[in-house]
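Have a look at these structures, which come just after this line.
Next come two complexes, and both contain subunit A; in the first it sits with subunit B, in the second with subunit C.
Presenting the complex of A and B:
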């Protein structure tokens, strides 16, 4: 971080707001032993934040903690700790960062220890590792555990049966467990209020993501995008804070559009937009800034990404619905990007390529993520075939700094950008 | 005249190609990359410029009376030999002066005179011995100054130190300190003088040539008077960011290799390049434009360095590996292309009693298997297929490649150019040419 600290980072109001929200949430979690609030650990894809909150419980997300530790350059040592305790080099590095964090006292970014969770709520939406991760945590904490089995959409469609199955589990298993752990009765009206607030914030988020359809995009939908999805994907969906955050953000982006500005970067407004890309796969967190710089220095803007859909595909029209609270939670879980089959992922990317007038598709394949890296190369080939636009493939990792080779990634990216250039020139010439 | 230059800064060697405005290659130069990319690119460029002069000499001498048949080549071979000697002696003299200056070091108080006297003797002997390397028909193992001067300096310094009662260690220390300085210093500007002095020697020495010496001298002088203008330089390769060039002068090596292979073999659709630390599978269209590529990630498994490491493990020279593998009676299965694991696997197989030749064949197969996996990820092999990079010079690797390509893709024409090591630099030079001529 020290190198980055030297260059002054430009912050907008929405950024300050989000920072303050996150800090407040960590404070609420770490002071739970004093306030008596109960804490549920759960994952981003398929998280039931509105429901958890309706019981007055807090939501702690282990993979967000891992990302946080990755960005603060803490994850490397944590992963090594986990490896010393017997976890293999190939295991998901979110898991190892979390396990290593526990062995280091489970200290939150505010310097205080995280309380042990009162509940492990696993909403299973396609990541097999999440399940094993919670098994490890259950052994560690020996607390209440509940698993929502969300059927994988292997045929690319959500059937009534699937929805009913999820709703049934919500009614018969998840809600009773939440009642038991929190000591509060289920209040459907409270849930409805939360869901109404979610939908409001979701509208503004979608507007922001769609703004990248403009040529000379005012946002970067990947590097900037991971900040924009922050509140909706984490502990704030269904809160007034989230509504306010997205109002602020939308106003800022509207202004950028009017002024004809490009995306904001850590070094200020981005220069000329030379390449418009769609990106598949999460970013690398340990060298996030360095990685981002490789794009904006070359004039590459990410206009759409699939990673910003892992916590919900609102741009495809889904909204949380207060009229059908449990059904809408079920639909939300079933539709998560992580729960979609390969052909739906390809279709989605193809649409992004066309709707956002992209020059190409870049896949950042994650070394330690077996569930989502499998098949990515074939997805890329398929997109190349369908759109005639070039694809590129790079490999990094989530939070293991050892798996980020800057020179190698830069080499491939530069080659790719030059390849796009060359293709453009030749299509003009001939 | 306009010269377009491509420089490919590889992890092991740095290559330069000079091209004229019509796209014809005039000269090529190569040097070791050391850890100093600035020097490496300067030296490679200089070498390519020297080679350009020879091409131009050749063109101008054609048709001159007395130089029919092999006459020109003989004359130019001799000219090059004498020219190299001129360069070498200049550098040797520089080394002498630098060693003398470095003997003033605080570590050897009051010994300067004695050291300098010993150095005078050493360098006198060294000059006499090493001149022989530039005699007619003598094959030098390398043209890198350090390779030529280093070993012999050790021998002569040891013998001289004994005779004169000087410390051998001191002579070695002084040399070690000076050689890097000297290597990194360009030769003086008087290239023309060096060429002309060399030519005088040739004309004096070769009585068999029935040419008009004045006429030859005039032709050479005329060529030397041509100003070789560095019209546009493009840098590529692993060290390209170290080049003191603006961004528009830097191209990715993927694009340069694709274009270079296209220039060598216009029907190329798939390129495999195995270099020191990366392996690239590149697909190009009928104009040499890259349409897809894949390369190894941060791990250099199965690249040129792997062979270097194996050679060290086996106590062999890098160039001995291929010929040894060609002696194999069967191919031992080697699972790992990881450089570190392969060392262990190699010792394992030796301990099991496998023949070294068979293990070598297995190691070469392992490299090509990995390359095949990278190629298939980039889209497979489409006829014609061009293999480039340092490893393309290794006959055992080439043999395995032929077998595996046939097994997986059937009959495909495989192109390997003897100058394939210059593919990236060639592509770079063409990019430079297009930047100006087709702008």
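Presenting the complex of A and C:
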């Protein structure tokens, strides 16, 4: 009881801290017209938060706004608005939720309108949709724009040519634009300080993610994981806040481990750990809680996930490096999960299956996202072949509630868990 | 040769999903190699300079039965990758020595890695291009990517690719591109003489034939088409756009025409027309190809428009140049680049009072009636009200 009560309090601290950070950031964004701070709109994977902050600018991430609207059940209407105005039902719903949000006044979670961005910074990593999304935003805002093209690592390696190309764009396109928009000169020392802080927070994040290697994992690395990656993927990488958040989180998880507890869920501590899964693909946001419940009710814990690597693959050893600031930003962008080729993605999942002693691979295939989804069936077959563990495939969407069929997903999961049981029994017999 | 004879040969090539003509080319001499590529653009000159055949792969069309390919893709992904996988798994591409997957969208990008997993012994490469159009940034990057491709092509062909050989290939492809432009110009000038389905089949032939064979074929077609006495109809002049990757069935192309539209420009097989001006044959050929890509290449939804003014400008320029009265947005279902850009292009057309309609298709779409009705009504309304609609 006392361990439980303690963890409750400590858990609250990291969650409260994150909540407070997000609220403060939204307040800073919505009050930018009064404070005079400049705002850059930019995407999550490969975002240049340390660089943007080094110019004293704020960063506003359209995907995060779409997720917020999804979780608050507002995205459905926004998507339909965008479709009515001519956007195809076939394209990414983040884009349509974002465009629909604009038509509804771009209201931030604090109830105040978001200002138009001063800069559109298209760091285009791992997804072609970003490019056209950005063009659509430019038409709306008509503001200063700059693009950072990050080559896809098609052969599974980062070549010097790729890195040089990214660094050159940073030097000659991105930095001069940030200087112009912010009115501040580039200060490499400030950038180095931010990068050093990033690396510190990244160490603790990796420790947290690795804690799931313990059988009786103290974390859920997918549903819980999306909270854990929040600060590092968004506007807080490179800040003292992020360092503090990850220190708090790590201490909490250490306590859970010592107490032999499983992950915390919205309904309290999770019961017995019956299934250990690796999950590929982003979650559904419109029914996030309901989706998660389908797992913890069955004793299924996600021990590793690929979605928690879209904004940086730190568990494979990458750290932002203050000694080589621009090269390190380039390597960060080039290494994000969806910028890796299919064989590398398969290898990574195979390693997760082994290192985290998983019972199987579950793919949540997202209708919106060809970057993630095209090829996932082949990935599943490969993993089944290599590990001998069963895979399962479910189809949902990010923020479009029309594509989340709770009954179908639940049925599919239940039969999958039975399959895992059978597989275990038969492997015990031989 | 009459147009009918030429087109009959093209149709035979089009229908053959075993690529017999390309196989025959390969078998004609020992040591010949074939490099497959997908839409939207690759510098064919580099393959050609190594003495190899660039083979354009555009999916399986409406005749190929897709059995294995569907097991690799969810229902909400377009059809071209599944039929391409089908071609790969049924031995139809077993004579291909390497595959290039150009930078066009995430589906083809991921297909490059799937190919690596599916055919571990076969060269498969994602071929990247710059979206930054500065010579010292995007140009430098692209030149190096082409040098890497050149190196890989040397390895596959077992031949050194000299600058001279590439310049020579550029010369041949310059001639080819000029003829392609001539065919398009002729159709735009006298569309009744040059039906779109014929232009389409003629261009498709260029995907599987060596360029040296396709050049005389186009010359013969142009000569024959000019001689042809075909009745002029009261059709309206339209541009179709959005079909730069997965191809519509031939019947769809015919249906648009039959419903009362002369197609005066399109974006099928852009690789044939990607470089829009003659590429210099003096100096560093890789630099020349890079310059042409950066400063004189076609626009498409797979490209980034670095300024707002440029978005859709290529389409509007084409409307003006070809005196088009309307635009038909015809894109494959689930095609991200085409469908994401469509609202921007539609807005550009609306701003300039260019009537437009849109529909989606798949390479195996069977029902032409609804499309024929839609394009027919569009043609009628243009004739009745012109720009007022």
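In the analysis below, the second predicted complex is superposed on the first by the 418 of 430 C-alpha atoms of A that agree within 3 Å, B and C clash if a C-alpha of one lies under 4 Å from a C-alpha of the other, contacts with A are read in each partner's own complex, and residues count from 1 in each chain.
In this text, a contact is a pair of C-beta atoms (placed from the backbone, for glycine too) under 8 Å apart; a residue touches a chain by one contact, two chains touch by 3 or more.
Just so it is clear, the model here is predicted, and its values are computed rather than measured.
**Student:** Output check: A:71 vs subunit B and subunit C. Expected answer is one of first, second, both, neither. What do you get?
**Tutor:** After superposition on chain A, A:71 lies in contact with neither partner.
**Student:** On subunit A, which partner touches more residues: subunit B or subunit C?
**Tutor:** More residues of subunit A are touched by C.
**Student:** Tell me the contact category for A:132 with respect to subunit B and subunit C: first, second, both or neither.
**Tutor:** Touch partner of A:132: subunit C, not subunit B.
**Student:** In the overlaid three-chain picture, which partner chain does A:28 touch, first (subunit B) or second (subunit C), both, or neither?
**Tutor:** Once the two structures are laid over each other on A, A:28 reaches no partner at all.
**Student:** In the superposed arrangement, which partner chain does A:408 touch: subunit B (first), subunit C (second), both, or neither?
**Tutor:** Touch partner of A:408: subunit B, not subunit C.
**Student:** With both complexes overlaid on chain A, does A:395 touch subunit B (first), subunit C (second), both or neither?
**Tutor:** It touches subunit B and subunit C both.
**Student:** For A:377, decide between first (touching subunit B), second (touching subunit C), both and neither.
**Tutor:** A:377: touches subunit B and subunit C.
**Student:** Is A:86 in contact with subunit B, with subunit C, with both, or with neither (first, second, both, neither)?
**Tutor:** In the superposition, A:86 contacts subunit C only.
**Student:** Residues on subunit A in contact with subunit B in one complex and with subunit C in the other?
**Tutor:** Common interface on subunit A, subunit B vs subunit C: 377, 395.
**Student:** Provide the residue numbers of subunit B that touch subunit A in the complex, in ascending order.
**Tutor:** Checking each residue of subunit B against subunit A gives 238, 251-255, 285, 287, 289-295, 297-298, 377, 379.
**Student:** So in the complex, which bits of subunit A are touching subunit C?
**Tutor:** My answer: residues 85-88, 90-92, 95, 124, 127-129, 131-133, 135-136, 138-139, 142, 147, 149, 151-152, 154-155, 159, 161-162, 164-165, 168-169, 172-173, 341-346, 365, 367, 370-371, 373-378, 382, 395.
**Student:** Can you list the subunit C residues touching subunit A in their complex?
**Tutor:** Where subunit C meets subunit A, its residues are 71-74, 76-77, 81, 101, 103-107, 109-114, 116-118, 125-128, 130-132, 134, 136-138, 140-141, 144-145, 148, 301-302, 304-306, 308, 311, 333-337, 339-344, 346-347, 360.
**Student:** Show which residues of subunit A lie in contact with subunit B when the two form their complex.
**Tutor:** Within the complex, subunit A contacts subunit B at residues 377, 381, 384, 390-391, 393, 395, 403, 405, 407-408, 411-412, 414-415, 418-419, 422-423, 426, 430.
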